[in-house]
Amino acid sequence: MTTLLCDHADEAVAGIEDGSTVLVGGFGMAGMPVDLIDALIRQGAKDLTVVSNNAGNGDTGLAALLAKGRVRKVICSFPRQADSWVFDDLYRTGRIELEVVPQGNLAERMRAAGAGIGAFFCPTGVGTLLTEGKETREIDGRTYVLEYPIKGDVALIGAHRADRMGNLVYRKTARNFGPVMATAATTVIAQVREIVETGAIDPETVVTPGIYVDRVVKEADRA
Amino acid sequence: MTTTRVMNEQGPLNKQDMAALVARDIPQGAFVNLGIGQPTLVADHLPADSGVVLHTENGMLNMGPAAKEGEVDPDLTNAGKIPVTEPAGASYFHHADSFAMMRGGHLDICVMGAFQVSATGDLANWHTGAPDAIPAVGGAMDLAIGAKKVFVMMTLFTKTGAPKLVPECTYPLTGLRCVDRIYTDLAVFDITPQGLRVTQTFGTTLDELAGRLDVPLLAAEA
Amino acid sequence: MTTLLCDHADEAVAGIEDGSTVLVGGFGMAGMPVDLIDALIRQGAKDLTVVSNNAGNGDTGLAALLAKGRVRKVICSFPRQADSWVFDDLYRTGRIELEVVPQGNLAERMRAAGAGIGAFFCPTGVGTLLTEGKETREIDGRTYVLEYPIKGDVALIGAHRADRMGNLVYRKTARNFGPVMATAATTVIAQVREIVETGAIDPETVVTPGIYVDRVVKEADRA
Amino acid sequence: MTTTRVMNEQGPLNKQDMAALVARDIPQGAFVNLGIGQPTLVADHLPADSGVVLHTENGMLNMGPAAKEGEVDPDLTNAGKIPVTEPAGASYFHHADSFAMMRGGHLDICVMGAFQVSATGDLANWHTGAPDAIPAVGGAMDLAIGAKKVFVMMTLFTKTGAPKLVPECTYPLTGLRCVDRIYTDLAVFDITPQGLRVTQTFGTTLDELAGRLDVPLLAAEA
C-alpha cells in the first residue's frame, strides 16, 4: 500500500511490537539506519531478534539497543569486532543468544524470504560447525546444505534518496543489505538523506521499488 | 469495500461492466497485476486519483496506459507485448526480481481470466486439456500463487452453457486453492472458509444460480 | 576475464558448439538479440537446446533458427503464439522437444544457476501438470516443489549500452531476462546499441557488471 | 604462470614479498577478491596495467585503492570497512547479488589468510576453536567455496613453531577441499589431485620442509 512519509523517526518506528524480528541494514556505518535505531530505543520494543551483519559497535546504535537489554537474539555474520564490547559482555554472560550465519547465507536467506522461496540448497559452510545438523544433499556431485528463509517483522534500512512513492536509491557500498532486507520484512522503514518529488528519480536507476517500502523518514541533520 | 454501482445491474454484465466492478473493489494505493486479455480493461476504470500501481511481470512497476500513436517505444511493453507508457514514479527490474516480487507475496491483487474455477478456489486458465494443444503457461502459475488476493474475471457459463464455476476443475490446473473472488457477468462470488458466497447478482437470483450450478452457494452476509 | 569487444556479430558467436544450451534473452522484441541470433544461424551450430521465454515468432530470428532444424529442444514459458507457426509445426510433427516452465521459474532457475544454488523449493505450479513427478515438500504449512538450476553454455542477450569493460545497462522493459541470463551461462555474448568509454556509465546504474559479459558487439544499423 | 622474481628469494619471505608473489600469479584481467588483512597487500603489487578487477563482498566490482586523506567517503568502504575509492568502470550491487556473484563461481581467484590448511585443501581460518571465543565468520565460508581458485597466504609455522600445513585441520573448518594454492614465507604449495606439490622454496629445501611438516610433499614438476 501507499508509502507513508513520516515527519520524525519516532513516527516511523511506531508500533514495533515486543518479540519482533528486526532486520537492520548497514555494513559498518555505511547504510546504517542510525536515526531509526535510536528511535527504536526510545520506542521501547523488547525481546527482539535482530538480524544484521554485525552486533553493534562502541556504545551507540545497535550496541545501545543491546545494552538496554531489548534484544533476545542476534543473527549475524560477524559479531566479534574490536569495539563490540557490549555484545561480547552480554554473550559471555549468557544474556543474549547468537546465531552466526555466513554473510552470503544471511543475504540469500533474506532474499529467499522476500522471493517466496521455501528453502534452498546452498554450498556454503558444508562440513563446518555452522551447518551441523542441517539437511544435506548431493546434487550433480557437489554437497549442499538446506537453508531456510529469514523473514523480518520489520526492516530498518538506510538509503540515499526516496521519492514520494517510496522508490529508493542507495549510494556506493552503502547499498549493501538494504535492498534485500526491504524485500524480506512485513513492515519496511527507510531513513533517507533526501525525499524528492515523484518523477525526480530515473526509473532505470531505482534499486528498491516503492512496493517494498512502508514508511520513509528523512534523516536528522547532523551537527 | 465500496458499494458498487454498475451500469446495467439489471442484466448480465458486459466486459466493461465487469472491469468497472473489479476496479471499484481495488483499494486506494494497491499494487495490482492485471493479467493479459480481459483483465487489462480494469485499468481503464480506475479513477485517476486511485493511487493504484500496476505491475507488469516483464519488469515494471507503475506501468502507464497503452501507448498512443507517436508514443510507441519498442523497449516498453506490457506482458501482452503491447506498447505502454512510463508515468512518474515508475521503476524497472529484471525478470527474476519481477517474479520474486510476485512470488514473495508483495502484490496486493492480481486479476486473471479463467476457463474454470472450482468451489474451493482451484484455478484452470492455461490449458484446455485438448490433446493437440501446445501447452503454454507464461506467468499464469506464478501469478496464481503469488498475489495476496487473486480475483478472477470470467463469464459464468461457456458459450454452450456449461458452468465455469465447478465442483472440481476438469481442465488442467494453474494453481490450487488460490482464487479469492470471482467476478462474472451474472454474479460475484467470494471463496471463503465457509464456502462459496454470492455477494452480488446481476439480473438473476441466488436460487436461480443455485439451480444452474453444481456447487453449494451461500447467501451474502446481511 | 576481460570482455572482448567484437567488430561483428559473427565474431561474437564464434565457437558455439553443437549440442550447446543457449539462453536467448528478450520478451517479444524487447531485448531480443536479433543480430546474434542471425549470426548463430550463419555460424551453424546444431542440436541446440534453446532457453527463452517464447519459441520464435514469424519466420525470422529464433523461428528461423528452428526452421533450419538446429534446435533439438526448447525450454520456455510460452511457445504458443499467434505467429509461432514454425515451432507449432515442428512440435506437432514430433521434430522438437518442449519443456514448458512457468515464467517465474524460468527466471529463478537461471538465477539459481548463476548464484550457485543447487536447487530450491518453489511454490509455483504445485499440483499442476508442470510439476508432475517432481519432489515436493511442505514447509511451514505450504507445499513447495523442488526446482533445479538451468545453466547455459552460452547466453545471447540484448542490452542498451556497454562500456569497454562490458558493464551493461538496459532500457525500460527490454531489461527482462538479460541480467539473469548473463549470470547463468559460461559464455555471455551481448549485443548493444552503443559502446561507450569506460567511466561513461554511472557505477550506480550498472545492471550487469562486466564480470558476467564475455563478448560485446554493437548491433548493426537498421535501414 | 609467469616466473616469479622475489626480492629475497634467499630467505623467508616477508608479508610484502608474499603479496608480490601472489600478485605476479594473478593473470591479466582476472576478477579477484582479496580477503581482509594480509591479502589486501596484494593490491599494492598489481601492475597498473594488470587489468585485474577487484571485488569486495559488500557490493562493488572494480574497487579502487584505499582512500587518501581528503578522499574518504563514508558510503564507500571495502569489506574491512576501510574507505576505498571508485575507479572508472566500477559497479555497485546489493549483498545478495554480491554473494551470488561469489557463490556462483564468477570470481577467478580469492586470496585468504588461514590458521591451518590441510594437505587436501581443507581451510580453517575463522575460528580458533577456543571455548571462550565468540564465533564470527563474515564472508569467509562464502569466499572459500565460491571463487574458481582459492589462494591462501600465511606463514608456514605459528609463532611457537607448529606447522599450519597439516594432515587434518584441528581448528574448526571454513571449507572442505577448497584451497588450490598456499603461499607461505618458506614455500609455495599447489594442492593437486596427486597431492601437495612444492613449487617454490625460499631459503629452505624440499627435504628440509619434509622434515618439519607432517604431510607428504611432491617435488615441483620439471
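Worth a mention:
Per-chain numbering from 1; labels A, B, C and D assigned in written order.
Just so it is clear, a contact is a pair of C-beta atoms (placed from the backbone, for glycine too) under 8 Å apart; a residue touches a chain by one contact, two chains touch by 3 or more.
Remember, it's a predicted structure, so these values are computed and weren't measured experimentally.
The chains that touch both chain A and chain D are C.
Chains that touch both chain A and chain B: C. For the pairs B-C and C-D, the larger set of C-beta contacts lies at B-C. A separation of 29 Å divides the Cα centre of chain B from that of chain C. Computed from the mean C-alpha positions, the centre of chain C lies at a distance of 35 Å from the centre of chain D. Centroids built from CA atoms put chain D at 55 Å from chain B. One finds 33 Å separating the Cα centroids of chain A and chain C. Shared contact sites, meaning residues of chain D that touch two or more other chains, fall at 86, 92-93, 99-100, 102-103, 146.
Counting only residues that touch two or more partner chains, chain C has 108, 111, 115-117, 122-123, 170-172, 203-204.
Looking at which chains touch one another, you get A-B, A-C, A-D, B-C, C-D. Interface of chain C with chain B (complex): residues 27-31, 77-81, 87-88, 91-92, 98, 100-108, 110-111, 122-130, 160, 170-180, 207. Residues 1-2, 111, 113-117, 163-165, 167, 183, 198-199, 203-204, 206, 209-212 of chain A are the ones that touch chain B when the two sit in their complex.
Note for the complex: chain A touches chain C at residues 108, 112, 115-123, 137, 139-140, 142, 144, 148, 169-172, 202-205. Residues 56-60, 73-77, 81, 86, 92-96, 98-100, 102-103, 122, 127, 132-142, 145-146, 172-176 of chain B are the ones that touch chain C when the two sit in their complex. The part of chain B that touches chain A in the complex is made up of residues 27-31, 51, 53, 55, 61-62, 86, 88-93, 99-108, 146.
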